[in-house]
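Two complexes follow with subunit A in common, the first pairing it with subunit B and the second with subunit C.
This part shows the complex of A and B:
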């Protein structure tokens, strides 16, 4: 239904964005990182990439888990591929295993030997490049999968808050008058509901039989529900401003209905305002979810999350400094990059460069 | 169109910062919950939340006591009314409270009208008799066979510096807010009761009573008061104070229903005064630990001239005269900061056996330090003398054995093996919720819980696996029973018996109906998340999917109380008692209504119209007719041998019912102390739960100066060992 063409103005803005090197590279980097994290199963996983057993090839990365019995081991649960690799190596019978570069998944506790009771320091040999956490889970694996979840979460958050904000803002701005006056009051009231308490309350009554996917979605919904209002004001004022311009009047004169005017004429012109906010919204979403996790109201345990890592790190600052270093480093890096993107977008979309005032 | 650039993101960032600013406190809150358990050995944290929860717990207990009583006596006495007495009353005249002229008996002539009126109203329970009426053949005991548990080397004097996490809300020991951590200094570790339980044996030692004797009926205990016994204001302890204790404890003005109930006339049937120093107390049943049950404390009648609705406000900041050695002087209350206690110079029990060489410091300085990690730093600085090191992180990481303070001989780390019923850390399976209504699933579940790995990796082999539902009760604990071991083969075999044959794509077992073997594990212990994470990952091997539901502790407790859980991970503090309790957690009356046998079908299964009973401690919804019957017998049984035997049988039956996955127990307490604090040779008595409890240590101020001096110059002090283990009471099993 929404059919928006990039108008020449926006195209010019995009060209301008590409010319801002810092922001553009940051954007590319983030985009690539997110793409890579989507395929994280191939890079950071306890499951092998390829197993060659008795001439047969297996690709365990995706799909059903393969029990140890399949490879001649004596257990019916999922194969431990690191052990399998060692066994094949010792047997030297032509069977082989190709493990991902980081052969750990974010849930698995790697209790290798009697000394491993949590907090192993970074070590290239064991492939725990960033060390392990309190239950010997690989910090890098948790960071990577945590990033994937946080970023997906942030994008979902961005999309949904904008959807709500644009809908509400356009209605208020376009229709104006009483709709605006009452609608805006409602928005104000809603925005004064204390966000943190609502999250805490709702998070605690969430039924536990929901899978973690549902719980994360529910958390996303709650966060969206209580934070879309901020954006509404901007949409509303931008719509107000555009509405007063001649092209809208012409459209009305031709006989276009409100729907057509809003979607075909208003939104493409308002969107530039919104785009400048997008990266900051992403940054805010990432830091919110991290903060909520830190407090224990975020993602359900044991979902990998940055906030949880950060908390472990802070609590064990002296014992395991690598945890806080990794988590804080990753967080700072991501937020900085997002901010670079944001600044570039803002500059590229700066109306001073493109608008002419009558 | 020039938009201020980051305005929109500000609320979020503020939220984030606001959230982040909570860092310090958030994890520790989870530890502060008293209910179900406070896991540390050290001073119990208090907070408003604790007090509230504590009171809720006490109300809960009160209700249970009431239920228990109704069950026991209810059949013979339809209902017990406030003013209606049990049918054991003596005739009107023989109560002896008044003489022929209507004047109070000389033992009671100091009583106010209201108090006297109360006694008269319950004259079947308050009796003044004649010394001639005292049974002649009483076997008096005075605990002389018991050994002292203090050290003759102890030195009196010095100041003991300790801390509490919150300023006490009151100096009362009863009523709202009185149950905080500070009460231990006023009452729990300070006051003296009629007779005290000996912490190294099953026997007793004298308290306010210098000797005691068991009556022939098995329900009455006779006490002879120690004439030296004095309150801290110098007034003697009078026999009539034990009458007054009941008047006081049953008063509604206290706003303490638990005490109202505990001292109720359904439990204490009769108190008889024979003369100014001999009295007897009659309990409702003849329990083997009767002496302990009736060893109440005395309430100084002269202090409470009138007990009215202003009780709470009037006594908020005044300490009741105590029979113990320490008092709070008004000038030592520094509101919000600290409270100091001063030792009485001539305490009445100073030179008595079992009391000498204890309570050694002249002053106890209790300062408020709200943050435990800050308290720990203060301890390392030397401004707190002792600190609990029970948490693995304190023992291994924050104060390792090679820490300078330890290796230089300034500080000692102590592991003391004690013997007390441990808090029951366990998984409780709700047997009324599918799939746990199938015994095979429950047994499979038991075998799928890798507590061995938890103990080895998370607790580093320091804890022991709990064995039964009733560990730590000496002879009363089952001698050979063990918790089921982790075994993927056994677990999957039992799951297969229950119809879960094949593994799904994710490795989780499914039954023929396509249902995954997925259960929810509820807990309120955020700080024990690691344990559950390990259990979860290991359970996957057995094809079991554990969904963790880690809630805030009140919410978790509520969910479990409503029996809405499948499995709950929790712990309850056990009382130091002679024999364990089974009725509360395993009797069907606490699982379903209606009570009694009506809830069962002829084949022993639960009737479909039975209603789940909420807010009870039967978190496993155990309702087995045979277990019920044995518990009913167990509760009325009076012979200790029979009780022991039944306790073993019950432990075994509950083990076979497989609703309780025993977790772990700490066989020791661990603490650190500066070396100016000295302890007896054995460190402390067997039943020590808390290093402050029996106060057998002493402070050596000369050593304090020496250590302070050595610290300044960084010198090592030879001869003071840094790490000590006391294994005398270690369970050799």
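This part shows the complex of A and C:
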């Protein structure tokens, strides 16, 4: 019987990480924020959470649109739940609607007044807590969905860059010799391809008829493709260092092949050194996707994004200062928290802590 | 038939300039089943490299075998494919390393590491392999094997770790165990325990043992035969008792003289072999010991490699007239 258990050294690192209050709380906060953003449809949405209509319950948050006719309204397109709530309230017939805390969608243009010109200031009564942008879309809704996209994007970026870097680094490091010599030169040449230009060029030739999901994935691929090389050097040198140790020779002595040695013996020892870089990679990914959006080469419109909000905010700084304030605030907060996590991880993994003499 | 027969093994390492430095220069070894051969010499004389070459485990790409043959059960290991050699490693030839801390993977439990030997060579299911592992751990004297199997290497003491390494080397009951200074990193008390454990297990499985060491005490205790290496060559080879009683080569005599004895006067200075092991690039082609020898060497023996001759029954020595004590008839 083999029990699944954590290596006590890793346990010790986890305990140490938990004891670093700032980083640990930052991690918890970010983790919670990301979890909540995954369920953002329940918190920030124009669709109601629950509708009780003539004794029947409806949960419109997910799934197909429910036409207005369903609730006795005179239209066939999607129900406007904010209106419905008002109507039910006026009827006082026992029907009710429960709206999410922020009853707006990131794509929805809330032209409640016909003379609206965009840029409604933050207002508690209309529930536009952080105001609206130039097409009357709710800023908070766009921030929340933008966070979800940016963070998912960053995690995907982290995973894919590490995958490529670990694959390339361990091949170079393990086989060494000529493979390393030529492989490393290729990596160096590739890493000299200018990242920003390549992303801008490739992103701008992306066919517009692709769905936004495809465009986002393609953007992710392009970014990964032109930035995975940095981590390769670390992996390669870590593999070199580990490969020289006797336990690899000892694995070879018992007859293990290259695959087994790389995956079972080298990687577990190499990856622990890479973990410390992960939070900083996430921070870098969030800032680069925001920067690309700001320049207009990032996520396709009308995807909610922080960079796009920042751009709008900067362009309309006099008219609508709340946009740039909330977007910049959110960005700074997120990046600071991620960096706190990174610092704590780095400190928890710092071997010096375990070998000081006092 | 000898189990292992090494003929004229020549191993070189490439330096930064691309030159080959010969580390092992024409080594002959042979080992019968059940026999224990000690390979002794100073650091850097090529003992470990010779042993690693037996498993074709030279550092890639710097190290390479230039010449010679290694016959394992009459098949040349040097002409085998990597798959073939992999099926011999661990199964027919086991190896014990010097530093038990480094020889175990820090990120796996010791149980998993011993399991791996069985999983690699015996087409076993995980559960079955674990059963064998526990038996093996019991055999090498690990208390409470089923608890310890879930420990990581850093949780064990040096002696325990070396026992695990031995368990891994012996798991598949190999015919030959190569032990590269197995006790150097251990306390003296633990050394004795580990040596005893090794010879017990060796006896049980009737395996041969190639023991690499620079500790002549260990050699006297465990080996049947000894080969003394100097500068990449074997300078003397004899059964243990003969070598200790009548060493023929100046280097061997020097080694034996530099062991402190209980009967020596307390204040006496311990004899030492003058000088240092020369750098690989500076080795001469003739008698390698000449620069450190107190005897005068004829120019001939600085250039010509002295022949390896049998001076008594089973007692071989590199017959440099200045270094070796030879009978008159051998010189002719």
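Note that in this section the second predicted complex is superposed on the first by the 344 of 358 C-alpha atoms of A that agree within 3 Å, B and C clash if a C-alpha of one lies under 4 Å from a C-alpha of the other, contacts with A are read in each partner's own complex, and residues count from 1 in each chain.
In the analysis below, a contact is a pair of C-beta atoms (placed from the backbone, for glycine too) under 8 Å apart; a residue touches a chain by one contact, two chains touch by 3 or more.
Bear in mind that the values here come from a model prediction, so they are computed numbers and not experimental data.
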{"item": "When subunit B and subunit C are modelled together on subunit A, clash or fit", "value": "fit"}
{"item": "Touching partner for A:251 - first (subunit B), second (subunit C), both, neither", "value": "second"}
{"item": "Per-residue touch tally on subunit A - higher for subunit B or for subunit C", "value": "B"}
{"item": "Partner chain in contact with A:170 - subunit B first, subunit C second, else both or neither", "value": "neither"}
{"item": "Contacts of A:132 with subunit B and subunit C, given as first, second, both or neither", "value": "neither"}
{"item": "Which superposed partner A:9 touches (first subunit B, second subunit C, both, neither)", "value": "second"}
{"item": "Partner chain(s) touched by A:334 [first = subunit B, second = subunit C, both, neither]", "value": "neither"}
{"item": "Partner chain(s) touched by A:268 [first = subunit B, second = subunit C, both, neither]", "value": "second"}
{"item": "Partner chain(s) touched by A:326 [first = subunit B, second = subunit C, both, neither]", "value": "neither"}
{"item": "Angular separation of subunit B and subunit C about subunit A, which is computed from CA centres of the superposed model and rounded to the nearest 10 °", "value": "130"}
{"item": "Gap in Å between nearest CA atoms once subunit C and subunit B share a frame through chain A", "value": "16"}
{"item": "Touch list for subunit A against partner subunit B, complex", "value": "63-65, 67, 75-78, 107-109, 111, 116-118, 134-136, 195-196, 204, 208-209, 211, 227, 230-231, 234, 238, 241, 273, 276-277, 280-281, 283-285, 287-288, 290-292, 294-296, 300-302, 311, 314-316, 318-319, 343, 346, 351-352, 355"}
{"item": "Contact set on subunit C toward subunit A in their complex", "value": "52, 55, 57, 60-61, 86-91, 94-95, 97-99, 102-108, 111-112, 116-117, 120-121, 126-127, 130, 150, 152, 154-155, 165, 168-169, 171"}
{"item": "Residues on subunit A engaged by subunit C in the complex (per definition of touch)", "value": "1-3, 5, 7-9, 176-178, 245-247, 249-257, 260, 264-265, 268-269, 272"}
{"item": "Contact set on subunit B toward subunit A in their complex", "value": "1-3, 5-6, 8-9, 11-13, 15-16, 18-20, 22-23, 26-27, 393, 397-398, 453, 456-458, 460, 488, 492, 503-507, 520, 522, 526, 529-530, 532-534, 536-537, 540-543, 547-552, 555"}
